[in-house]
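Can you read through this structure? Questions will come right after.
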Amino acid sequence: ADIKIGSVLAVTGRASFLGDPEDKTLRMYVERINAAGGLLGQKIELVVYDSAGDAAKARTFATRLIEEDGIIAMVGGSSTGETMAMIPLFEEAKIPFISLAGGIVIIEPVKPYTFKTPHTDRMACQKIYGDMTARGISKIGLISGSGGFGKSMRKQCLSAAKANGIEVLADETYGPKDNDMTPQLTNIRNTAGVQAVLNPGFGQGPAIVTANFKQLSIDVPLYQSHGVASRKYIELAGDASEGVRLPASALLVAENLPDDDPQKSIVVNYKKAYEAKWNEPVSTFGGHAYDGLFILAEAIKRANSLEPGKIRDEIENTKGFMGTAGLVNMSASDHLGLDLTAFRMLEIAKGEWTLVK
Amino acid sequence: MTLLRVEEMSIEFGGVHAIEDLSFVIEPGAIHSIIGPNGAGKTTLFNLITGLYRASRGRIMFEDRDIGGQPPHRLARLGLSRTFQNLQIFFRMTAIENVMVGRHLHESRNVLAHLLRLPAVVRQNQRTSAKARELLDFVGLADDADVAAGAMPYGALKRLEIARALAVEPKMLLLDEPAAGCNPVETQEIDHLIQQIAKTGVTVVLVEHDMRLVMNVSTHILVLDAGRKLAEGSAAEVRANPAVIAAYLGAQGQRELARAQG
Amino acid sequence: MSEFLQFLFSGITIGAVYAMVALGFTIIYSASDVINFAQGEFVMLGGMCTVFLAAAGVPLPIAALLAIVITAGVGAALCKLAIEQARGASVVALIIITIGASVFLRGIAQVVFDKQLHRLPAFSGEQPILIGGATLLPQSLWVLGGAGVIVIALHRFFRRTLFGKAILAAAQNRQAARLVGININLVMLSSFALSAAIGALAGILVTPITLTSYDVGTMLALKGFAAAMLGGMGNPVGAIVGGLLVGVAEAMGAGYISSDYKDAAAFLIILAVLSFLPQGLLGARIRERV
Amino acid sequence: MLRVEGLTSHYARVQALKGVDLEVGAGELVALVGGNGAGKTTLLRTLSGVQPASGGKVYFDDTEITRQAPHKRVRLGIAQVPEGRQVFGHLSVQDNLRLGAYLRRDKDIQDDMDRMFAMFDILSKKRYLPAGSLSGGQQQMLALCRALMARPRLLLLDEPSMGLAPVLVDQILDAVATLKKQGMTILLVEQNAYAALSIADRGYVLETGQVALSGPANHLLNDEQVKKAYLGI
Amino acid sequence: MAALRQPRTGGLLVLAAIIAVLPFLLPNAYYFDVVILVGINALVVVGLNLLIGYAGQISLGHAGFFGLGAYASAVLPARFDIPPLAALVLGAIGVGLLAVVIGRPILRLKGHYLAVATLGMGLLIFMLLSNEQDLTGGPDGMAVQRLTILGYKLHGVHTWYWIVGGALLTGTWLALNLIDSPTGRALRALHDSEIAAQVNGVDVVRHKLTVFVISAVFASLAGSLSAHYSGFITPNSAGFLHSIELVTMVVLGGMGSTFGGIVGAAVLTALPQFLTVFHEYEHAALGLIMMVCMIYLRDGLLPSLRQRLHWRRS
């Protein structure tokens, strides 16, 4: 029999930004693994369902994966909401579940069968605050998307602010499908003392925020989140994106990494493969799926068994795994395994990502 | 006691004085006809009396009570019911269900009981449907009880509206052109029906252009023209009034009347 | 003051987009009593077709023109293949059909195009215009101008031309319209094509500001529908007024109250207006005659 | 001019016409009488094409038009005054008339419109008001005028006197008689059988979807059966 | 026997029979899960059908009530220590009251104006649920405590199957009762002609409000059940798309046909599960099916099928 691996992704809908590249990555690499002889001598069969970002749908599909399709492991769950709705099912069925969503609640507190690959929002906030402090910025304005991603990161950034010596003077939001943020930005501009603006969010919002930022000629630095970490963002925001900074994985600057960077070969290969196959720029989200799939594949190899329990144990034992997000070292108390070094601070210059030294 | 008293009532629609300074009374037990040229304001008057429109001036007293500004369903409770010139049938319901709606005021309105289908509700449904069947029989539609109203011919619908209006058990029944679209034989049936209704003690207010019917059944006639009272009196008085002949009856009206009598 | 002006500019620009979507609703409603929830997809098609044609090397003006023609064709097809076949269905059934059409078009678009966001270059540069301390993008003027031209043209069309009146007549009484010789199918077809074309034009004009992707239609349809109802369904001027009001309410809500609840501001205004004017601001106020 | 052979028509499962044969010659005024639900309206609707025929044939000027679309029939010269008036309520009186001449392209439309306003003064007074605000009788006049604006060769009238004040019944029937004198071909459905047969050349009696009786109008007027069933004498 | 032939009693018995037999035919928990979701949606649809199908008043915001019910069951126990069962009841009462307050002004509106007002109402509720992050967890949603009845924790698809089945049967019974009562007749009457209904003594405002409240309470209860069943909720359950889905179920199944609505809920809930075979064409297929159904079965699945059967027989 084939090795059945399941996935539920927001391939369409509001979060298709996440789900679509994840879906493409999984399909591409399962094909590759199978072409190279599969795992433990067996082919992988990947079952992907599209939740359209709806937690209720995700839950039903998860049941279907467990009961009907009989999967032995799961890589998926694009958003925190979907993931949280599915966790109890996988925990109950004792099937390992590697989530691709950002929320810290997924792995905190630790649940035996649940893991995740992306950095947490909190780490992104810390990285950004670190960079701000280095530039002498301590008072900022916040404008966040009101979708799941923006909301969750906003919360983390607000709660992490104090400890990092940052004061949030303005706190604005916008809807996921909004197409004009000048009123919110005007309010931030008119707030005295704002030294920089931070925009957690993904999708079209950040691109429009960036354009509006330029339109209003606000002359403080603009920080984006890892939510816009794809070439598309530069393309959409155009010239307005000059000088914007954001934390992201090494993936985006693959070619610019020094040759001795241990991550370079991984990210360059993934990037090349993805862009060749799908004819569109990579995003870090696809990378999360890559990491998830290979953490699982390695664990299966190490376990040398298709028993979910054994696979789980081996996932937890993942050490020194180099993925697109960074170096992963999991443990019984850490089901993520990344640290702050995984994030690189990038700045857009002349329409290209560059590493901030 | 007068049943209905209208005092100096007016209403206008964007400059059109549909009813202007109109006063009249209706005595109980009458068959009170209201006639007048097209656009004289007859239907508007009905709409005012039954609470669908609100007069801009004047008073309406029903059984010596001021009913101005009351919503139609309150007026129905006081004993006012009507039919419509442009049919207002419940097309998605069967004939008998249409009439059953007319019994609404005579049924309990306890929604909780309805939801739980308490035995009292079941018994009441039976009573209502029996009464409705009786009324359908009365207007000559006994065979059509379970026919969807949407599939009934125009003439039948006119009578269905009468049955529904009667189900309210009104003191005063307002009929807006019940014989329109009926041939003379059918009109005679309506004539008969109106007289029977009047016999049960219901006061009938009739708007109709068929002069044979009007002159035959009315105990009293009010003639409107351009929202004002043109004439009033018994059939014979009205018929002989030159103003009425000029404005309304014309040669055709007189000819019909002549045929009706001859 | 400058901040008020900024909110106003922002509201008017976005309002003009809603207004154009509302116009599309109004035209189809006028002709056929159908509320076409696929109207937002017409906007999407206009933007996406232009983006992809331009990417394929077609010069922008020609790409835009082609996009309008294609979208009008889709509108006509929707009418011919769905609405016409469903003749006699209830209003709600027709709403479901148009929602189905919107799901269908979105589903096809995500395969034919892609799921990425796209933008078009601004027509006349991106250098903001400074007025009284507030800034306005030149593209906003294009949007406003486009909406203005369309509404004037439509107003004339319905008031002055026989065909325009025939459309209104067909909406009010289909049977009588056929009896005076109006070809109902043609009237419906034209109105769908026309409102699809207007939707497409709106899509092209706004893409440089708002970006486009296969799924921009849903939200635009919602706001456009709300705007059309606020202005009074069936009245092109009402659609414009409604669209601008919704846009300005949103911008003011976001600016002065809370950006979390800015959509609430728009809908609260709609609820308030409707509770005083149940036919919308400029809707026909003919009382039912019985 | 008009020939109908074995015409049948259905509403869902109800058969409203069960094989009607009928003829109207050029310049004739033919009256169609019958009780409620006899199928008169259905027949006229089938003739003008808004109601599909399920069987039988309709010829106009010897060409078959059974399956033609309504607007094509209007072009051929068939106009109908529908039962229950059916004016365009939100449009002005004037626009209603103008739409009556929808398919005409000649220069006389304005003249014709003035003639209509001359015929019914009240319409002239209300020409800019929405037709929906007219009283029932006024709408009936408007519906008649709207049909005439098409300059039809065959006019189908469905109960034009319904709901009209006696003076206006006079006026309408006079107008119909005048139109006939001017050479128009008319098929008239009327409940007021007496009045209709008085001005008609010939008549048909329709009963439950079939022609029960037909003949010259004055014969029908004196027919005992007709007298009893439809004239109420 | 005669009672059996009545659509009411007959239909109820058929529904009860299906609910009783189904568990023996379902191979595994996945199928139970889908059937339970069908039941929950059907419960909303039965109530919504009273409003849309019978009284002719459209609502594009009913998912809002569903969402409020769901969040009442999630938030009250988690943040205010109210027992889940009490939360469920409190939620239903709260939603009922809210429906009265909202319904009063907006039910005066007609047709599409009512549609836009209810749409606005739904959006406001959705916004509230996704913005009040501290209370509701925001767009990422929140976990829901298990429902405990008499100290017995309800879990497992089998238990939930019977709970939802019972709720649906009861809801259907109540709805059928209402329809065949003076209230039901008044609702159908005002659908066809408000004026005639008024003149016949029907207090149109009160009846519209009554049915609005009843349908809102149905939605709230279904929302609570859904929250407890899935154990996790997000504001999407109150979103516009869900509202549209619910209305589509009513119309697709057959407006004014209670059992039709249940069929509509079943079809539309299960359909996406089948459509996964179309992969990227899944959405296009769903749209196409919606259109084709409404074009060719415009009275809705059940009434249209019934008509065809009749046709064949006669």
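Letters A, B, C, D and E name the chains as they come in the text, with residue numbers starting at 1 for each one.
Simple rule for what comes next: contacts are C-beta pairs under 8 Å (C-beta built on N, C-alpha and C of every residue); 3 or more make two chains touch, one makes a residue touch a chain.
Fair warning: this is a prediction, and the values are worked out from it, not measured in the lab.
Between the contact lists of chain A and chain D, the overlap consists of C. A centroid comparison over C-alpha atoms places D as the chain most distant from chain E.
Using CA-based centroids throughout, the chain positioned farthest away from chain C is B. Work out the mean CA point of chain B and of chain D, and you get 29 Å between them. If each chain is reduced to the centroid of its CA atoms, chain C and chain D end up 42 Å from each other.
If you average the CA atoms of chain D and of chain E, the two centres end up 49 Å from each other. Of all residues in chain D, those that touch two or more other chains are 133. Within chain C, residues 110, 218, 260, 263, 289-290 each touch two or more of the remaining chains.
Counting partner chains per residue, chain E shows two or more touched chains at residues 131, 195, 282-283. Residues of chain C that touch chain E in their complex: 35, 82, 85-86, 88-97, 99-108, 110-111, 218, 222, 225-226, 229-230, 233, 260-261, 263-264, 267-268, 270-271, 274-275, 278-280, 288, 290. Those residues of chain E whose C-beta lies close enough to touch chain B in the complex are 174, 177-178, 180-186, 188-189, 191-193, 195-204, 210, 214, 256. The touching residues of chain C, when paired with chain A in their complex, are 3, 6-7, 9-11, 13-14, 17, 110, 114-119, 126, 128, 135, 137, 206, 209-211, 213, 215-216, 218-219, 251-252, 254-255, 259-260, 262-263.
Partner chain E is touched in their complex by these residues of chain B: 50-52, 71-73, 76-77, 81-82, 84, 88-93, 97-98, 100-105, 107-109, 111, 114-117, 121, 124-125, 128, 164-165, 167-168.
Interface of chain E with chain C (complex): residues 52, 58, 105-106, 108-113, 115-117, 119-121, 123-124, 127, 131, 195, 240-241, 244, 247-248, 251-252, 255, 280-291, 294-295, 298.
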